[in-house]
Every structure is written in structure tokens, then in C-alpha cells.
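Shared between the two complexes below is chain A, which pairs with chain B and chain C, respectively.
Let's turn to the complex of A and B:
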């Protein structure tokens, strides 16, 4: 175990208060400081990383990002250079957005990065703005007063020394699961509720005014700031050939501890877990990710190349274990209910299907479920998949299907009226009361 | 009533297709309001209501075309091609035929924009589609005014039937609109409806989940 630091920034979700940041063996400290400083101010930031090479040719930066193989760290792992290229060619000049909305309740890495190293994200925002020729940029961060003050201070620090070319505006993201979805973000910046668009976007999303938006996850921007300084070869010294670099991961341990760590892509999942953790299954990729049996997960690297064939993705880097004393179906049913409530209510298959799927799953989580519930679940899952304008129904169905695979033995137990779970305490983090008022999307 | 001869055939054809067009347009308007408020028809899944709305609207175009062409070709009255699209330009009954021409223009806009829907912004398509609420009443007024025998008998009954059907659909649409669940609360509303009381623990094995099981399985795929 490497350094251990306590963050004074209380995570809005879950409302557990402070949490501990620990590094596993093989952990890295590219984005987060190794010495345990809870906040990196501008002086310390410049002392560590050096000045930002501002005047670099935009095309060279994009070529460097392509050579580095940087992918989006918000979950979709889309090649960053392709978005940058599209934005550089887009007319009118796009507005650049650092996306720190992090609607995923099990993930805390973006807000941790913003809290600890905001200047790295702001550097990346400037680089992205420079490659696209934008004079304005937006930092989209969770609605949290302390975080907002912290970020406003960081932006003011930079403005005082006039080091930036693009003016940065701070915007609050509503605390909804889909608030960080690109089209929802564009809608929110336009002044409308942060609801996803009705249609899959072609190219960059656009504001109501027609101005295109380049959306990059805040961690992606932080990596961009380092690639601009140290180059593609340095970036590739971590990670695998296909999936280079490091990533932030949020770990949820069996004893309830939560940690944000920086690890190279491809790190063995076993290395992220404690040596003798009582684990029956591992959730990888968050609530749009997939469950894997503990023994299978322990043999895998944290990389899409290995996880993809098993129906899982690295996603935004959530690795949550299911302790041996919890019921996997019960935990999945709780999350499925949350996911259903987070439907934007726009696409029929999503707002009609997800609640029914959640109710059927809740039924399976109880003793002696009606056998028809399982058949309904399979049928509805098929009817929902691929029929939403955004990825919400697909991601939710992927998560639920993986639970039915991994917890098949548990389903059989429930049919006999028994359950392997001995601890009724909820485990996976969820917002205590899902916000449902219409205004919560704006 | 006189028989159909070579001089009256076109006149009858124009009148008949006009009546059929009005009935079809009424069906399109009623189905359109059903589609808009996510209503259903007995025995039909929701997508079939949308399909019916689209297909009947295309069918009505065929009858509308025959109605207009036979009226032009009919030698009994002189209308002219231009007057069918330019409102109030007809030498014969300029006002009542003008309403028909207006309605035709609006219907053409509705059909063309719907065919090109994939290439338009949703908002533009929607705002043009609102014209349906003008096109249908214009068509009704046109058929009352230009049809001298619509004041009694079967023709009157057809007219009254169309107006009643559209009026009922409009009243239903407005009441549904008033009771509309805001989008972000729709899933919650369905979830509440789905998870009605389910016993936490089985009272006795075998008769455990009758309520819960029924709640879950009583829904059909068509509702998705």
C-alpha cells in the first residue's frame, strides 16, 4: 500500500462523509499527488508539472494525442484525438467543456480529481480550447458548494496571472445519472433541463444556438495536459499497448471502505482487491457495467480487450466487490430501481420498460418468486435494448443481464425460498433519495 | 336522383372521393391525437396506432388527388388547375372552393414534411404538424359549403359523424394533456404502479406472490 490521504471534500453521493484514498501496489501518481497534499494550488501545481506549453501548434497536439492513444475516461473510451479533430474542423468554433458531472453514484474519481488537482483539469481545458481555437470554455462540475468554491478559486488564481487564453465559466451539473450525457450536457448549457436528446447525435452535440460543443471528461483533460507536456511516449510507459496510460478508478471494498486510486490500464483486478477479501462477485464499470464472478474477475486485467468478450467494460473505472454475506439479486434490484427512476422519461421503451424490469427483479430478489417474473424479465430486457436515443436502457440491461448470469445459483435458492445473504444492510452506494422533481434536471 | 351517365360520372366521382377523403382525414386526425397522447386502440399495440395514422394519411392523399383531378376535368363547372392550389381563385364558388384549396395546401405541407421528417429538426416538423388542426376544419367547411346536398340525409350523417369523432378525440386529447405526468416522473409513476403491495415474507408456501406476480406479469409486450 502506498500513501493514504484523507479527503476533506465530502462526496455528495454517497453521503458517507469523508473517504480514504489509498493506492494499491503498482498504483501511479500522475494525476494525484503522492505526498498526500489534499489540495494542489497553482504554485505547487506549476512546481510539479512545469508551465503549460501554450503556443504549440494545434495539429501537433492532436497528432501527439493520437500517438498517445488517449481515450475518453468518462466511460465510453472514445479516442480523444478524433473528437479533437472533429472540433478543430467544426464551424462555428466550438465551446469546450470539461465534463465532471459524474452522475454514476459508485464513481468518485472525477470529483476527487477536481478537488485535489483542479489545475491539471484546467490546463487540459486550455489545451483543448487551443486546438479548436475556442476563446470560451466551460467546467461542468457536480452541484456542491465547497467544490464550486474550490474550483472558482482555482480559476481566479489563473486569471490573476493571466496564464490562460480561453475564459473558463463554471457551471453546476444537476445530480442526475444522465446529467453528464453529451446531449443532456449541451441541453443544460443551452438553459434547458439536462435531458438527453431524442436522437443519437451525429458528430458533436450542439447548443440551441447551433454552436458545436466539444465535451471531454475531466480526467481525459488532465491526461491531455500531461501529454502536451511530456509527450506520447511518456504517456505510453503505463498501461498496455492497445490501451495505454493510467486511469483513475473508484474501489469499493468488502468492508465498506471506498477509495480513488490511479492505476495503469491492464492492472490485474486481483491487485485492486484486498488479499483476503470475502468477495463473491465483482462489479466492473459501474451501474452500466457488469457483474463478474469473483474467481473469474481475479484472473482478469482491468482492460477492455479482456473484459469486452465477457460483456463488461472498464467504463469510468468503478470496481465494486459484493461481500460474501450480501444477496447479489437484492443489491442488483436496488440499483435497477434507481436506474429506472433515472430514466429521462422520453423514450417509451426506457420509461415503460425499465420500471417493469426493476419490479420483476425486485420480485426475484424475494423468497419463492413467481416463475413468470424471470421470463418477463428476459422478454422485457430484449424489448428495451437498443431502443433508446441514449445509452441508458442498453447500459441498464447489460448490468441486469450480468446479474442474472452471475447470480443464477442465487435465483435457484430463492425459488426454494432461501437466500444466501445474511446481512440485510444495503451495500452498493446510491443517492439516499433519488431526486424526482422536474426542476432537478435543470 | 339521376343515373350515372358519361356527363355526370366525373361529377359523381369527385363528390364520392371528396366524401371518402373527409372520412379518411377525420380518421387521420383522430389517430394523430391518439399517437400524440400515447393512446391505444383495442387489440393494437401502440406502434400500430402510429402505423395506421401514417398509412391512412397516405391513403387519403390518393383519394384527395382523385377528388381534385376529377373536379378539374369535369366539364360541368370550370375550376382550373391553378384554383385547386391558389385559394379563392376559382370562378365557381370561389369562397368554398378556396377553403378546399387552403386545406389542400396545408395537407401537402403536412405530408411532404412528414416524408422528409428524418432530415428535419424535430421542432420544425412538429410546428408544421400543428397545421393539421387548421387543415381538417377547413376541409369540413369546404365540404359543407360546396356540397349542396350535405344538408340532409346520409351526407349530413357522415358530416355529423366526422365532427363528433374529431370533437370526442379532441376532448380526450385535452383531458389527457391535463393529466400528463411530467417526463422525468413517468418512470417513477410506472414503478409505483408496478410495485403495489408485495408481501415481504411468505405467509405460507405456495400462495405467496399472487398479488406481486400478477402485477408483474399482467403487462404485455405491447405496452413497451
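Let's turn to the complex of A and C:
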């Protein structure tokens, strides 16, 4: 029996009493406490995890992270040690950023972690700063007053006992889907709008001043804090050989409940779903992720090795079921419209293509669609793919194409003027009002 | 050294000059944005490619080393 934290969307932070003990078997409590959504203060944090081993050699920490096999938990699953190595070698010394922007509307795990266990994230930020020799660090968190007060308090608790070497600055992340994209984040820290930039060369993003930025997702930092304490071997006692450790996942159940759980990588997806949920499909990896048919998803582990060949990824750990009474095309069309609105509008193919794709999908979600809509959609999907400065067009197309695969039978029904959806209530979470003004990027 | 044409999609505003100057290497999509092949530019088209790059009004086109 493990904890599952339920958060009503779009509550920006979990509320006390939201915690229920209905998580999946085999869940873990490395990052979040087992006894509820109570906030962990510095005293409780140190009592549970012990002091941070500060004086470790940077190279030794990086080697330990490599041995642990920790990958980025923001969605891309990039090996953490490689970023740390690049940052340790970068000149001038990088600024280290804990990325808690979590622009994905279906994900709540980063803000839950920040709300409940901020000291684990702040520990990880200090470790990352120590490995790169940085004296300044930034915590980039969603724009929310209560969350910011909470984080400012946690930062002050640590400053009062002078336990940190790097000063931590708290910065607002705009509430946009792409605000946490690395180059958008770097742009925002420079004082410009949080828009993705074109980066032909790989490597760390840079501020306007030329200073490189090491961006790590806040959950990745929390794992880093634990690896620094307990080592790679301990980290690997959860997860699979290829994809070790635990991860936070945001679950959306058919009855509308949602929750954040910590599970080992590779946990059977079936274990995350309720035993008899009336489910037709499962969305894995969020709105840049992919739909899978429910019976197929139920046979898979939550691991990239198994999901990759099917066009899906673990992403940032969103697992959302589609109830049997909803139309999958209608749900996907709603999200596609949102994704089109969240285009930064900088790259022609994305700016032109996503709204047209969304409109075509909306058409396919209605009875007796024009036959040309599908051909148009397929052509436009091909035209936007790989032609953006960031991954937004690619991720959006992956999500939409998966819907056309998984809901192929539904498409055929619509052609006959029918629809299997009996419940018109929207299911997948979206912001209540999409921010449209250009200033919302800053 | 093999080179290829590369578009900075954030800088490109779809003037379409590249497709006029180097039709062998660039076509336009239905919204007027360039589709460039990622194959190396053949030696015979080197000058053509350079003309397209230097004349791009948005400075969005570059000849870059094939990775």
C-alpha cells in the first residue's frame, strides 16, 4: 500500500488532506513522505535523510550519477551525468537551474514535489552547483503565490543555518507549455520572453551574457540529492537495469480522480490503472506523448525500452486513461487546439501547421467529416515535423498521429455519422483559459 | 568538406528568395517556407547555394558542415 496524492486540477499546489492511500502496489516513498501531503520542513528533512555530504569531490559525484544511471525526469530522459560533465567543463562557470516550470497541463508531479519536499530539490541544486563550481543557482517554479512563499521560506530556513554554498534565486516560470524548454528558460533568465531559441549546435544553452546554463528538472535534482547520500547501488535497487530508479508519475483515472505517485521505472502500467476501470485507451507521456489501446497498455511496463518501439515515451510520467464513454478524437482535438495556441509562433511551419492540423482533427471529431480533412492532416503533419527550433511540432504530431492510430475505429464511425462517445464532458485537463497575449511569455 | 543548407526557422519569414535562387536545392511548402534537403550540397551547386545564403533577406539560411 502506498500513497497517492490527489490534486484537483487546476489547483496549483496540493491541498492538505488531498492525500489518499490508494496508490499502486510496489510504489515507493523516496521523494515524498509516506504519511501524507504534510510539508516537510528542514528539521524533518534532515531527520529523515541526514545531512548533505557537502565536501565530496565533484568528479566522484558525477561518476556516482553515471553509475546510478540517473536520467532527466523532465521528459527527455537525457543522462544526467553527461549534462553535469558538460557543465563542469564549461567556461565561464555555468548558472545552475532547477527547472520546475512543468508547463504540461496533465502533470502535477514537479509542483507536488516542490510543495511537499522542497529541501530535497534544494539539496540537489547545491550538489549540481558544487559539481560545476557555481556560486549561483536558480529555482524556476510556476508562477503561484503560495508555492513561492513556501519555497522562499525553505530557502530562508537553509540560509539561516548557512548550510549552502550557492545562493539560490527564486524565479517565476510563465504558465506556458514551453516555458520549461531549456532555451526558453535561458531566454527568460536573460530578461527576455520565455521563447525557445534556434540552437544548431548541441550543448548547454546560454544566457544573453554568454554564461552557460545547466538546466535540470527538479525531480532529477531530488534524485541527485539521494544519490549523493546513499550512492548508485542504492538508487539501482528500484527500477530496471536499463532504466534504474524511481520516478514520480501523475495519474488520471477514469472516474476523474488524479494523483501523484512515486513508482519504480518499469512498473507494469496495469498496476497504475484501477482494477476495473472502464478504459478504452491510455495516454502515456502527456501531450507530447502517445495514446495506446487500453489492452495493449495493460501489458506494458512503464519504461522507454518497451514504449519506444510503439512510438510512446515515459516522458514526464503522465499516465491518463480515457474513459469508455468519451470520444478519443474529440479529446485529442481539444488538446491539439491547445497545443496550436501554445506554439511560440516563431517558426513558420509550426505557426501555420499546428492550427490547421488542429482544425482538421476537430473536423474529424465531428460526424461525417469531409474526406479531404484526413489527407490534409497527414500532409500537414509531415510538413511541421522536424521543422521547428524546438520539439513542439514534433511532440504535437506524435500525439496526434497516435490518436489517429488508436482511434481508427472511431474515425470510421464518424464517417458513418456516428460516435461512440456518450459523455460530452471534457476529460483531459487543460488550462481554463489559454493565455493568448504575447506578454504571457515573460 | 561536405556542406548542407540549414534554415534557422525562427529567423525565416518566408520570403521565398532561396527557392527562386536555388530551385535545385530548395522548394517551398504550401505556406511559403523553405524545404531544404539535408543531403550534402553537390560541388556543382556550391555557388548556387552560396547565392541563396547571401541573399536571404532574413539571414536565416546558412551553409553548415554536415554533422
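Simple rule for what comes next: the second predicted complex is superposed on the first by the 418 of 442 C-alpha atoms of A that agree within 3 Å, B and C clash if a C-alpha of one lies under 4 Å from a C-alpha of the other, contacts with A are read in each partner's own complex, and residues count from 1 in each chain.
What we mean here is this: a contact is a pair of C-beta atoms (placed from the backbone, for glycine too) under 8 Å apart; a residue touches a chain by one contact, two chains touch by 3 or more.
Small disclaimer: the values here were computed from a predicted structure and weren't measured.
**Student:** With the two structures overlaid on chain A, would chain B and chain C clash, or do they fit side by side?
**Tutor:** After superposition on chain A, chain B vs chain C: clash.
**Student:** Touch check for A:348: first (chain B), second (chain C), both, or neither?
**Tutor:** A:348 contacts both chain B and chain C.
**Student:** Quick one: classify A:359 as touching chain B (first), chain C (second), both or neither.
**Tutor:** In the superposition, A:359 touches chain B alone.
**Student:** Which partner does A:198 contact after superposing on A: first (chain B), second (chain C), both, neither?
**Tutor:** both
**Student:** Quick one: is A:367 in contact with chain B, with chain C, with both, or with neither? Answer first, second, both or neither.
**Tutor:** first
**Student:** Counting residues of chain A in contact, which comes out ahead: chain B or chain C?
**Tutor:** B
**Student:** Where does A:441 make contact in the superposed view: on chain B (first), on chain C (second), on both, or on neither?
**Tutor:** first
**Student:** Should A:389 be classified as contacting the first partner (chain B), the second (chain C), both, or neither?
**Tutor:** second
**Student:** Pick out the shared contact residues on chain A: the ones touching chain B in one complex and chain C in the other.
**Tutor:** Shared contact residues on chain A (touching chain B in one complex, chain C in the other): 198, 346, 348-350, 352-353, 383.
**Student:** Contact residues on chain A for chain B in the complex?
**Tutor:** Touching chain B from chain A are residues 193, 195, 198-199, 337, 340-346, 348-356, 358-360, 362-363, 366-370, 372-373, 376, 379-380, 383-384, 417, 436-438, 440-441.
**Student:** Touching chain C in the complex: which residues of chain A?
**Tutor:** 196-198, 200, 346-350, 352-353, 383, 387-389
**Student:** In the complex, go through chain C and note every residue touching chain A.
**Tutor:** 6, 8-14, 29-33, 62, 64
**Student:** In their complex, what parts of chain B are in touch with chain A?
**Tutor:** 38, 46, 122, 181-188, 190-191, 194-195, 198, 200-202, 205, 208-209, 212-213, 215-217, 219, 221, 223-224
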